[in-house]
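Note that the chains take the letters A, B, C, D and E in the order they are written out, and that residue 1 is the start of every chain.
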């Protein structure tokens, strides 16, 4: 029972519990906060696996970016403090059932499957390695996806601008 | 309590995945539905990282995949929120039940 | 290296170039929509024509990007479709104050599709898929004031996010099993174990979602009805076409080891899709929604052809998509022209259309006959080849069901024909003014519908590309 | 292109003269003209008559027919006295034969002309009577609106009848058989705006058509076994007991009856239909709706004897099957008696004549039935033909006479007549001659022919003989009843001023026919017509002919006693045998029976259900599929609920479902 | 002798019609075009006979073959034998007559004639194509013109009728399609070429599946019981020319297909299912006839009688004897001409009396002698009067049927024979009620046929009489072709 194990289970607990709360609580702000915790927990798991870079990205993008975005949008669309409408109980049960079936099926398959790993020596996820892979154009390089994502972000930006910022006559 | 490994992580990610899906099914507020989606994506990331660490550490495909997924998630979230805000303008509500004109 | 880069990625580069050109124009100049539109149309036409030159085969970026003649041809089909859209809906485009953004988004989506077609790895595929989805979701919202538009785009973005979540989970499992995200390496590592099947199902549903195969189709009709006609037609023609293409390569190449499984899955889904699509199309009143369901049924037929794991299969699918571009765009073009001027979208409003607008009535009739697969329109050949390819496995029951679905589909296409040509109407739709480019677009579509079938060398060309 | 021309010519006239006649000259074209001239008349008058020819069309038709009559007589002379007889036997000559429709090797419809005693005899009869009627109609039909059409139809009928008698091929005969039927249909329906006429023509056509069904199947059977349709070969093959065809057709049997008998009986049904034999006679009385000359031509002299002719034509084959002949005999005698009884009660003079026709044809039929083939035993055959010949004369005469009566009094009913002998002297005399002839009073024609028939019957079957005797007595009675009711019985009631007898064109035929009726009996018929072509010495026993003549005279006496003067004796007698009289008066309710069968059974039990079934079941099923499809599409619309979350749930359900299905259930690997 | 002319002529005519400016020009273009077809058909006939007389014994004459879709082994393969020539003649007759009788169509004249000519093109193409795919192509081309003709220019519950017709015919062709593919993939060689298919022996198992598909599929077109319900509605709601084309040409496509495709290339299947065919067709014959007796509407009368008459076609095919098959082809030609004429006459009467109910007419012989005479002729032809085409065809079928000595065939034949009596009943009933009887007052001043109607009637009567008087030419034309089919049938071992 080493310390790392304890940390692992704590992180796991944090992630799952706050995840569950994030999708069940009826106060939208708390939901956002629980989401935040859950994401942080995942980041922690990355750290625990010594994938520091990903963990950092996770923190920056999610915690710093998306969650803030979500909270702002909540400000825009929600009067503070009022509870979310209660979901239909029937729907809830059915969804739970479906989700559970899916979960059990997946877990069953995952556990039944014998994963065969590689035997080659590992390539450590150091920032330098990541960096030259990221910009590599030959095999195992990810320059092209990088470009594609950039285009995607551009497009998303344009879309957001058009949709969110209405032109004058529309607003009046 | 045994030494945590791949299967634990897979369990966590799968659990998170279906938690997110459950949220997507039940939440009536569009923004919270979006949050559930974020959970789903994160669970997938966790999967990738775990596989990368425990099975295929020789390359960094999983790692990069998760990074790009994060980027995509950001973009998606941005557009989704823009759309939701616009929808709020037109419908004066972001309750999913209030947007059911198009059916049958 | 650079040379290959320029040659092999030419289609993508051209599109990217156009996008940025438009971006600069947007921020730089104050041109009127008319002039801009004609400029864009010229650019797109050039792009289409250019796509037939400097055709080469090869890989780039260590296999992340791969292309060959067939892919190039598929890309040129998509370019053609985009060009036609820019022609057909010029009315709507001119009026909208976000025309350039529209084109930028659409083109970036097209770019995504191009990358998707020639993607060499699951990562590229996923990114391209998102690139081809998210902008469209934004485009669906371009009628900013319309409630249904925003509802449609909301439904689209949420469902696509959901489906991409599932897709990602599948990909992650495949990655875990094979340790590779490379299309080239994956087949060797597949053996059809249960987890692989699960992963495949997760993966496949993403295609199913985009291609709107039953039961993953439910977003389609709503989005089609809510979105502006231009976007609807883009969705139903271009993105469906691209997905059909990539599905071909994915199933035939990447998942070749599991083809018994996906064969059964495909015929099962195709039967369900045809039946459900037809049944829903039977009772639609809104023409866009009607076309949505009819296109679902069409997808069912695409699956029929797809099910035969053979050269005939892929050639007939590509051929059918080409025909489908012409037919569906013609139909949407007519619907768009009408709804643009009169705001009428119900089929009953089309009663007596022939009295006032013979030209577009004939175009509509041609399109619908082609969709229904009536000779001498090209649709006949397309459908027939799909079915023939599907029959090559000797699965008579399957083929009979498909053939019977032809009858049902004929019924509802004839419903439209009937209200256009036969039914009397006190106040029929007034005479529609078609601006020249729209007319040109319709004529091109009509010519395509007639000629692509009768001129057999088109099909031969496709076959040669594949072999 | 002259190649083409050659082909066409080849098709159109490749006549093959089979036999060069002894006299060296080919009769081909001359013979061909006999039927073709009337046909020409039909086409000419039918197409141009109404507009261009008009009232002269009668003359046109008559002249054409005159020509063909002349040709027919010339042919007859040539056949009987010149080339027909080869060493004492009259040959079957087929001077003309052309393959019209080849079914399968050997079996083909040939258009040909056959010359043998009966066909030549019929040629003469048909052309002569037809000519008489043509002439007579010039007067009788004058001023009719559709005068040209009338003559066109007469031409058509004559053509078909001539074709019928000259047929060398059983299917050819069938063809003309049908044509005769249709022309009779057209002529009965000549007064097309009279509903009764319309009904009558339909009835005539349909009843005969029904009979023809039997004929057709009979032909099919015969041809199947004989492997030919040509009369010559057919008879030759089915009468030589050694021939394989004969063995086949006698060996094959259905319900214990040999195929030969079946075929012949079926053929005979056709004949019975045309010749109005019991029970297929019901159309004949109604057929009297047609113009009277038409009745004289078609429904007395020529068409109605076609059945007799048919049996005679196939007689050698019939003689090979005793059962078939018995059927012929029994049907014949039944019809004879039955019709005679009814004739005694009818009041419409044309109907009386119609029934007497039926009765006389009955005589001919059973004469054939009792006959044997060849030699002395063939007496019945000769007698039948002889009676056919004489009957044509006096029955045509009777009808034409009745015609002039009707022409004069504008009514068919006896009650409007009486005492007309002053007004219609010629008609009166000729009519009397005819009555005497038909009653078998010597020395008129009827006497001789009927004599032979009775003789033949006596030798064959005594019962039949006595029935026949009674019948001939009845014949005499009802004929003279008719005669007295028309010309005597009471003072004539002639209202207003009247045009006298029709004048020359109407009287001339009467006189000519009267001469025929008076003298035809003295022809030595057996020398010319016999079952085997060899002359047949007709023996003549005076003591034998006492009984029939006596009976005839009794009948006449009775008629005289009852009807010469106006009285109510007849009514009292009618009352005396009340039920029977009523039954006879209503023709023994045969029509009603038919009506019941057709209306109630065919229409209500078959036709109506069929229509209903089609409308509701078959069609209903088609509609049902459509409606159910639509209904289904309505039922499943709930899927498209518009709730994006439900969509997602279906999505996930689909995923899980597919996964489970393909992992656990449907796993081909 | 280039057969593509047979497709090009109508095509050019159709295009020309589209270019015309006013109705008169359209009509005359259509007339000239159809006359050209008419002449061409005769030229073809004579050329065919010349070739035969010149000793050219090839099964198909004037063959030509271009590769069309080599990937699917589809070739544009044309050629004619006696049967095709007969059918082409029939089509040309009906087309020109149809154009003539629809001379005073005022509503959308251009479109009307355009569709009419298009329909004829489909028929010609169908009859001359020797490649299953092409055959199917032309078979389906005809569907939509029919639909529009009925739906736009029809009368009564036309939408329903048009839909029903289009869908049922589509269903038929769907079955044909499946059967076709079955042959394509099931045969020993992948080809759509009829001549090749007829040479290679398709496995019996495949035949057992594909023959019924093809036969029923084509049977729907030719009103095979119980798939005939489109016939009454379709015919009765169609405009005159439409009904003429439907009954005269379109129903023959089915018969031709049954003979040339189903029976010829799948003899085993034919032998296997012959008895079922016979039963169904016999039912159709009698049932159609009895159903006709109950009809009051002239068009329904003719429609149902068409069901009955087309039953003879299938019966002739099902009997599997050369004579019967020849008879079947003759019956197709004869019935085509006859029923076209019948519909033409009905149309003429309807234009004048504005009713098709027989009970509401009567005595029309007085006011319109020509038309009623034609009615008499066509009626007599329909009830099989010698000298007119119907008799020849039916007798040939009976003769051929009777060549099967076993009781089953005998009974079937006798049952079929009975229909000639029933036919007589309903035909005479119809004629008696319309043409004969007292004339109704309101019809007193109706006029007789116009020149175009007269011409149309005379052309068709010409055809009918030409067959009735001189059947030998048709027989010489057809029987060699049926002979070949029979040879193929005889080659395969009987009974399985």
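Of note:
In this section, a contact is a pair of C-beta atoms (placed from the backbone, for glycine too) under 8 Å apart; a residue touches a chain by one contact, two chains touch by 3 or more.
Model, not experiment: these values are computed from the prediction.
Chain E has the C-alpha centroid lying closest to the overall centroid of all protein C-alpha atoms shown.
Among the other chains, D has the CA centre that is most remote from the centre of chain A.
Ranked by how far their CA centres sit from the centre of chain C, the chains are topped by D. Counting C-beta pairs in contact, the chain pair with the largest number is A-B.
Remark: chain A and chain E have CA centroids separated by 71 Å (rounded to whole angstrom). Centre-to-centre separation of chain D and chain E, using mean CA positions: 35 Å. If you average the Cα atoms of chain A and of chain C, the two centres end up 31 Å apart. Centroid to centroid, with C-alpha atoms defining each point, chain B and chain D lie 97 Å apart.
Shown for chain D are the residues that touch two or more other chains, namely 626, 637, 640, 642, 644-645, 648-649, 652-653, 655, 659, 663. Multi-chain contact residues of chain E (touching two or more other chains): 167. Counting partners per residue, chain A has 91, 94-95, 98-99, 102, 105-106, 109-110, 115, 117-118, 140, 142, 145, 149, 152, 156, 159-160, 163, 166 as the residues that reach two or more other chains. Across the assembly, chains come into contact as A-B, A-C, A-D, B-C, B-D, C-D, C-E, D-E. The residues of chain C lying in touch with chain E in their complex are 312, 315, 369, 374-376, 380-381, 384-385, 387-388, 391-392, 394, 396, 399-400, 403-404, 406-407, 410-411, 414, 417-418, 421-422, 456, 459-460, 463. Those residues of chain B lying in contact with chain D across their complex are 21, 24-26, 33, 96-97, 99-104. Looking at the complex, you find that chain A touches chain B at residues 1-2, 4-5, 8-9, 12, 15-16, 19-20, 22-24, 28, 31-32, 35, 38-39, 42, 45-46, 49-51, 53-54, 57-58, 61-62, 65-66, 69-70, 73-74, 76-78, 84-85, 87, 91-92, 94-96, 98-100, 102-103, 106-107, 110-111, 115-118, 120-123, 125, 129-130, 133-134, 140, 142, 145, 149, 152-153, 156-157, 159-160, 163-164, 166.
Here chain A touches chain D in the complex through residues 91, 94-95, 98-99, 101-102, 105, 109, going by the rule given at the top. Contacts from chain E toward chain D in the complex involve residues 46, 49-50, 53-54, 164, 167-168, 226, 228-229, 232, 287, 290-291, 293-295, 304, 322-323, 363, 365-366, 369, 380, 383-387, 391-392, 395-396, 398-400, 402-403, 405, 413-414, 417-418, 420-421, 424-425, 428-429, 432, 435-439, 470-473, 475, 479.
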